[in-house]
Amino acid sequence: MLKKLFALILIGGLGLIFFQLYNQRSRREGLTKTASYYTEKGPAETRSANIVTSVVVTYRGLDTLGEVTILFAAASIIGFFLKRSEKGSKDKTIRNQSSELLQTGSMLLVPLIFLLGIYVFVNGHLSPGGGFQGGAIIASGTVLAFLANPSFEGGRTLIHILESLSGMFYVGIGVAGIFLAAGFLDNRIFPTGNVGSFISAGAIPVIYSIIGLKVGAELSAILYSLRDTKEQQ
Amino acid sequence: MIHIALAGGALLIFIGIWGMLTKKNIIRIIIGFSLFDTGLHVVLVGLGYLKNRTAPIVDADLPAKAASSQSVDPVPQAIVLTAIVIGLAVTSVLLVFALKLYQSKNTLDINKLRDNTND
Amino acid sequence: MLPVLLTILVIIMLLGGLLAVEHKSLLIGVISAGLVSLTASIIYVILAAPDVAMTEAAIGSGLSTVMFLYVLRRIKGDSNA
Amino acid sequence: MHILHISGAITLLAGSIFLVLGALGVVRMPDPFNRIQAGTKATTLGTILVMSGLGMLHPSWLPKLFILIFFIVITNPISSHVLARVMHNLQVPLWSKKDQLSEEEE
């Protein structure tokens, strides 16, 4: 078939290009200049034990702001395209009532999952994890609530409030960095401590918590829209 | 070790491209896109790996003074961290477009979607 | 030991990718794409990137699969090719 | 060397044997219900044994391991119950051709 042959030729060409790039790449023993700056100065300047967190939140904080904006745009597009089904047709969605065991178990597990998400993004400067991971864990807790109870409606207004407020606070803390510290999204507007203790990294836990709430709210909003689409006629 | 990860990521990218180019079902094309995404992330993280070094987190095993000589490159990890979330956003938008297309045309085959003038 | 483990994981990942693209049923394709993300997250742990591994495990194999399944539920019966 | 080391290693080995048997059961069993049985019971016991073995080797990890065991003990039965319920709703054919659950209901 001509189409598959064409695809194979294209993939073969791409493979050749990749192999050439791989052969020509200089074998490096140490870090690049940017990376060695981040790893050398990162713990001293931001007081964050996790260097990836200091890169994401402080040194490249503007990128993260743009990324959160993209997520907001995606959630808005999806909410715009998938209108909610009418209130009258609600009885159609509960045709498969889930079992007692699943409902009771999810009532126990959903708050624990939310707690785990909050733990992950509050400790983002000390251990692996942070806003994105915590937000995703919160959204998976929302998925469990949906699956256990197909007509689950709680938290819809809370999600919208969290979306707006966390975006506003994120930019607000960034602007506060201009006046109180060295620049936009600088974390030294709050007192810093020793590397490794809980209250150490200035504004990083606050910013990462805001990112976590924002990501969790956006992903939950996307899941709400996907669940509430109209059934196919 | 880096060679294995790079080769695996590159092959996964090729599988994704193969799926995007040869399949006709739109959902299948989106699956190919997400495989492409994952392969790209594996290649990026593999490029940042350095032999015999640990994760870039300062703790008992990695004192802050030795961080630049004993940890792997943190920059690709930070990039991939945001790229995964953006990939999820893009995938969900693609899925919603496929769903709306199916609701208006009642098919997912891209060959049958080609002209809509004589409907 | 570690390179052997990495090779096994890469082979599982590639087989999952082939299954995701080539299997007849869309449902199995979606689940295999989730498997690819899961093995990729273990590969990230071996490549000393625990942050990325957590993100991939939560987002790639959890939420992304759930979104695919929600869309597949709306497109019933028309899952050939 | 130490008695804790030896017992921890033995517990780890037993747990991994149970995990392998569970995986073998998932591959070899004839119908989905039997697979759920193998994949849940053997896996729960194997994971708990692995966790306790790790706890003997590293006593400082014990609190986190207890939390993990708690979650596994809660989530594994729920997920297998949901899987079995979905199988029954979809009327997946049984291996033994005799549905004893529906006979009892009649």
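All chains are identified by letter, namely A, B, C and D, in their written order; residue positions are counted from 1 within each chain.
Following the convention adopted for this analysis, a residue touches a chain if its C-beta (ideal position, glycine included) is under 8 Å from a C-beta of that chain, and two chains touch if they have at least 3 such contacts.
Source: prediction; values computed, not measured.
Asks: Decide which interface, A-C or A-D, involves more C-beta pairs in contact, and give its chain pair.
Replies: Counting C-beta pairs in contact, A-C comes out ahead.
Asks: CA centre of chain B versus CA centre of chain D: separation in Å?
Replies: Centre-to-centre distance between chain B and chain D: 32 Å.
Asks: Distance between chain A and chain C based on Cα centroids, please, to the nearest Å.
Replies: 19
Asks: Can you check how far apart chain B and chain C are, centre to centre, with Cα atoms defining each centre and the answer in Å?
Replies: The answer is 11 Å.
Asks: Taking each residue of chain C in turn, which ones touch at least two of the other chains?
Replies: 50-51, 55, 59, 63, 67, 71, 74-75
Asks: Give the residues of chain A touching no fewer than two other chains, as numbers and ranges.
Replies: 50, 52, 128, 130, 132, 136, 219, 222, 226, 229, 232
Asks: Quick check on chain D: which residues sit in contact with 2+ other chains?
Replies: none
Asks: Which of the chains are touching one another, listed as pairs?
Replies: Chain pairs that touch: A-B, A-C, A-D, B-C.
Asks: Quick one: which bits of chain A touch chain B in the complex? Just the residue numbers, please.
Replies: On the chain A side, the touching residues are 3-4, 6-8, 10-11, 14-15, 18, 22, 28-32, 34-36, 38-40, 42-44, 49-52, 55-56, 60, 63-64, 67, 70-71, 73-75, 77-78, 81-82, 127-128, 130, 132, 136, 195-196, 215, 219, 222, 225-226, 229, 232.
Asks: Could you please specify the touching residues of chain A with respect to chain D in the complex?
Replies: Of all residues in chain A, those touching chain D are 96, 98-99, 101-102, 105, 108-109, 112.
Asks: Sort out for me which residues of chain C touch chain B in the complex.
Replies: Against chain B, chain C makes touches at 2-3, 6-7, 10, 13-14, 17-18, 20-21, 26, 29-30, 33, 36-37, 40, 43-44, 47-52, 55-56, 59-60, 63-64, 67-68, 71-72, 74-75, 78-81.
Asks: Please give the residue numbers of chain B that touch chain A in the complex, ascending.
Replies: Those residues of chain B that touch chain A are 6, 10, 13-14, 17-18, 21-22, 50, 55-59, 64, 67-69, 71, 73-75, 77-78, 81-82, 84-86, 88-90, 92-93, 95-97, 99-100, 103.
Asks: Contact residues on chain D for chain A in the complex?
Replies: Against chain A, the touching part of chain D is residues 71, 74-75, 78, 81-82, 85, 89.
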